[in-house]
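Shared chain: chain A. Partners: chain B in the first complex, chain C in the second.
And now, the complex of A and B:
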């Protein structure tokens, strides 16, 4: 049982490193817990199986796009094409899954589209050294246009059993999310994954240390694309059909969630657990305000104020110290 | 010599934007030898290192590893060949832990995953070599600059190099850390590693190195054994002048009037400081790196929050509440990090020089380009800044950038200059000019506060030196008592406190 011995040794470095990464997001976790408790009071159904399923389903797509945005922001990039990618994923799923390709073929098409477009975007940004914000803005028009070409108006269909499985009375969304988080941990334990931080914060230094900076960044764009179209598939399953503009709101919400989660705009700052907590907080905020009877307009205003507050509070604390 | 050099450059040349930076330079690194690379800033040292480590490719000539020319040298290839570089600018990632930084780019793997246990063992070994005791899981962003430099060195050692290149490794190290490094390099040399050592500190070079290559304006002026040379001879080879007049003749110009006087002053790390700065003196601030010296200057300048029981600053009876107020009181501050804080690199030299003037003009008054140009020309002539003033500031060498950072305050005739390590990374010739300038300011009745990590310049230039340790002024050394030993021992707390006069 040598693996047991070595994994115990690994604890000597791996777990302390993980613990230190928690330091920056402790406050955020506390706030999320507070909102969770508040939500539990307002909506006691949260602790029933179906309530929990519904809640995680409403959070799931936002969690995916927050991760998609956070990966890019860690490399020092950003994407304004998140929403368009979600839409594209949704329409591809809705047009292929009931056709000859079937569910497996449709899911593969969705995944390949995400990885392909993400990778191509990354290639343009990284190899041609163009600013990410401009490339992805242009990309959002192209990708959004492609979604409208595939499905000019809401339509298509998702097999009912798949909708029931993903968005019905099952904890599938939560299980999937746990799985994705585990995969992310695994990726971050690979040299390429961990290089993301170095490539984002100090690309010159990382390059001189022998890190494949360009490779790490292109890979990040590809993963980000996959997460976005995957979120699209889920949204299509939720609604049972495809809508070519359903993802639009996700672009800004993904940035909001990542920023709430403490991901910095300069690259290399922040953690994925922070981004996930940020997306959960955003999701909770929306639900809590809904239950408190806020009008939609008031919700938007409150949401904006909370985001500014969340970014400002750590800054103020830093100044005081 | 019979053995082939581990790493060599043969007649390499390199130009940037048509400016030749290196012309036909050769250098050969032999095993078991510490090779010094000397030259003023802008002489091409960093470029040569980048060529040797594959970060840049030469326009002409060849890089040889083990006597064989390598045509496509890349950082990855260099790493495989056992070449490790400790860069002057750190290559660390603040949010990753010490161990993750040390292994970056060369992580041990198991099943494609990063092998944390193995990394821990090897990183610990590298840290032990350089005397880093911090837990390996500490993010590098939490370390002081000097400790980060040690991580950088550990990172190079982790790769078990055959060739180790160090670019000014001691510029941010304390005396203790420097000593650890020196002993380490001696040991590595004994193990047959070829070491290339770049430093502006000649006494280190004399003590540590056996062979020297000197660059001047991109060409090689000496490639010889260090035996039988002295520091003076080296400086002559670097600048083509005698080093005797590096420091200007010291003449007392101090008056009894106080320019700045504070009691119970606290800012940042500094606690309860009593300090009088007189007009016409150069007051040195010494001590180990990061003991709060910078906070003292920034606090006086109103750039960070400060508290004080009483303060007199050029006649005003309170600390400036902000930088514009400080400027109005006749204070000027020159930061240590000239690339980030001192200058706006992508803007023209003229714009940089005029920036404080812009702050003083009425916000909506039209600018007079001609007047600006004349002022800038005058400043450039006065400080010896050569060339077209419309070039961006980043086109200048480090020394000339520092001059611009100083020059921009001159039109406002500051009464007190707060200088944060103004000669860090500056070549010998510019150092001499800056020293001259500082003494002249003092002679003209200004108060000069010189925070410096270079102990000789504190000794030779200052009227008094305040030594800072752990946020307190632990010693105030008068001119008569100034010596490198006195400053270092006070900085390290090796001696009883001397009473401030």
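And now, the complex of A and C:
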């Protein structure tokens, strides 16, 4: 490990290592850049404060769930309950924040629910050795049902000022995303964070080397849950209300973003920046195709082609080498 | 003295003038969200939630036809269509894109009754005409909402069936999916009439998607369990066609049944010589929303809510509907005829 060497050596190694980690997703970065340029060209309003704010707000919840899914996939897990968790976060926020709990209480409830349910799911998967896909599929019904129990029909409310703060004409969402990415970097520097990749790529080897494999995996589920309910809180703020099925589409989109970003299903492979770029591409695609004037049918086809293209480009390059 | 009385009478006159002008200027006032700075020809955005079902395709067909008419009149130059593929978040993003590209009007079937509220408020503030139809939003930050009344649907269907079976007997109730507001509202609408006739017994209810196969399956098993059925209260879609087929397959006699304007059901109705009643969610709500958007942009006052009376199909006019069947897809809906005069009347009646 590079941390063993002197700090000067580690510093010298940092950038080359980071560049090498980018190899698999360079093609995706290029596609995302092309789409960003195209979007800026088609919609110059993107470079105004409010244009940039609205654009990042559309992307933000997808970015969070992509991270939530990526963390699990890095440890060799997966979650089919991402969408239900987003819905649950949204209805809790929309039913508590204008009540006696207030915004702080509501946000705490959302965070605790995310960490609690995520941690419990992780505990069941890791300690009882049950397949993650089955546990989270069952979990998605329970969590989705809970969201419907809390708010049977769309409703509830979020204080106006919070909506304006998070999803108004300021790039608050973007600032939050930067903070979350920095926190992720910090987490990777902690023992649990370091164990994350090891636990995913070679759990037995890692365990024998004294890595807290189980702890790293349970922690990953808890963090994942927190990111999901956080995304739900943001969606509630963005829409000014709660909807018990608002998150449904996030489950599949989170997996798509993570896989696009080069995260492997087998664990230990891929980078968070890849998953973020994947989610950005999914979000950009919708707006760019709108401005290009694609008909809905053409959009279905184009979406598929772009995704295959973004995944295939690095593979072509590998074959050529 | 004279001076002050002059002032008094003058101000009274002014006040009177103001009062008389007040209501008149209100009547000429533009509709909600309209600022009057947008000029024809207009760009219309059609924010669909999901384009795949046949009902949606037919609805889009009426919108496109209306756009062609308005293009000829020089009122519209472009239609922009989005499909959120069922995802309310994507629909919000697409409405935002419509605002960014500065469309003049947005017509909308909402994917969530609450989620689009803030983005619609932003569109309204920019003077974009917003006409919401079919699946409605809770916010009032739109120019107009257009829909039929689901409760009325259930009520009228129940009254027809109770009458058709002579005020007593055993009936089945076929509902759409549970937890869907249209399905719930139609069922609630039927409650009052059913309660008023205690001799009408509901022996069983089903919840299925609005498709033939699941409805046929559900009714088939109910028929095995109930040897005596006097009528079927079917609350929409292709449920009635499924029920008629189920009765037919078991060699049971057809009973009075209610339904919707699904072409397959109307054809079975004729073929089996049923005594029946049907209504519809007319696809031309799309065309009407487009027409209303342009009226609002042209500075006409449009009502905040336009309630569309339910067109009724019964044994007296079923032939007129079937005569036009060839113009509609086999799995589609034969909607009532419409023209600009009808639209004018609907806007004036409210």
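Heads up, the rule we're going with is that the second predicted complex is superposed on the first by the 297 of 321 C-alpha atoms of A that agree within 3 Å, B and C clash if a C-alpha of one lies under 4 Å from a C-alpha of the other, contacts with A are read in each partner's own complex, and residues count from 1 in each chain.
We take it that a contact is a pair of C-beta atoms (placed from the backbone, for glycine too) under 8 Å apart; a residue touches a chain by one contact, two chains touch by 3 or more.
This structure is a prediction, so every number in the text was calculated from the model and none was measured.
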Using the superposition on chain A, tell me whether chain B and chain C clash or fit. fit
By the touch definition at the top of the document, which applies to A:141: first (chain B), second (chain C), both, or neither? neither
Considering only C-alpha centres, what angle arises at chain A between the directions to chain B and chain C, nearest 10 degrees? 130
Just checking: does A:295 make contact with chain B only, chain C only, both, or neither of them? Give me first, second, both or neither. second
Distance floor for C-alpha atoms, chain B against chain C, superposed on A, in Å, equals 34
Quick check on my understanding: which residues of chain A belong to both its chain B contact set and its chain C contact set? none
What does chain A use to touch chain B in their complex? 6, 9-10, 12-14, 16-17, 19-20, 186, 189-191, 194-195, 197-198, 201-202, 204-211, 268-270
Sites on chain C touched by chain A in the complex: 48, 51, 80-83, 85-90, 92-94, 96-98, 100-101, 112-118, 138, 179, 181
Once bound in the complex, which stretches of chain B touch chain A? 53, 55, 75-76, 79, 85, 87, 89-97, 99-101, 104-107, 109, 112-114, 116-117, 119-120, 135-139, 155
Listed in rising order, chain A residues that touch chain C in their complex are 43, 45, 51, 54, 58, 61, 148, 152-156, 163, 167, 235, 238-243, 245-246, 248-250, 283, 286-287, 290-291, 293, 295-297, 299-300
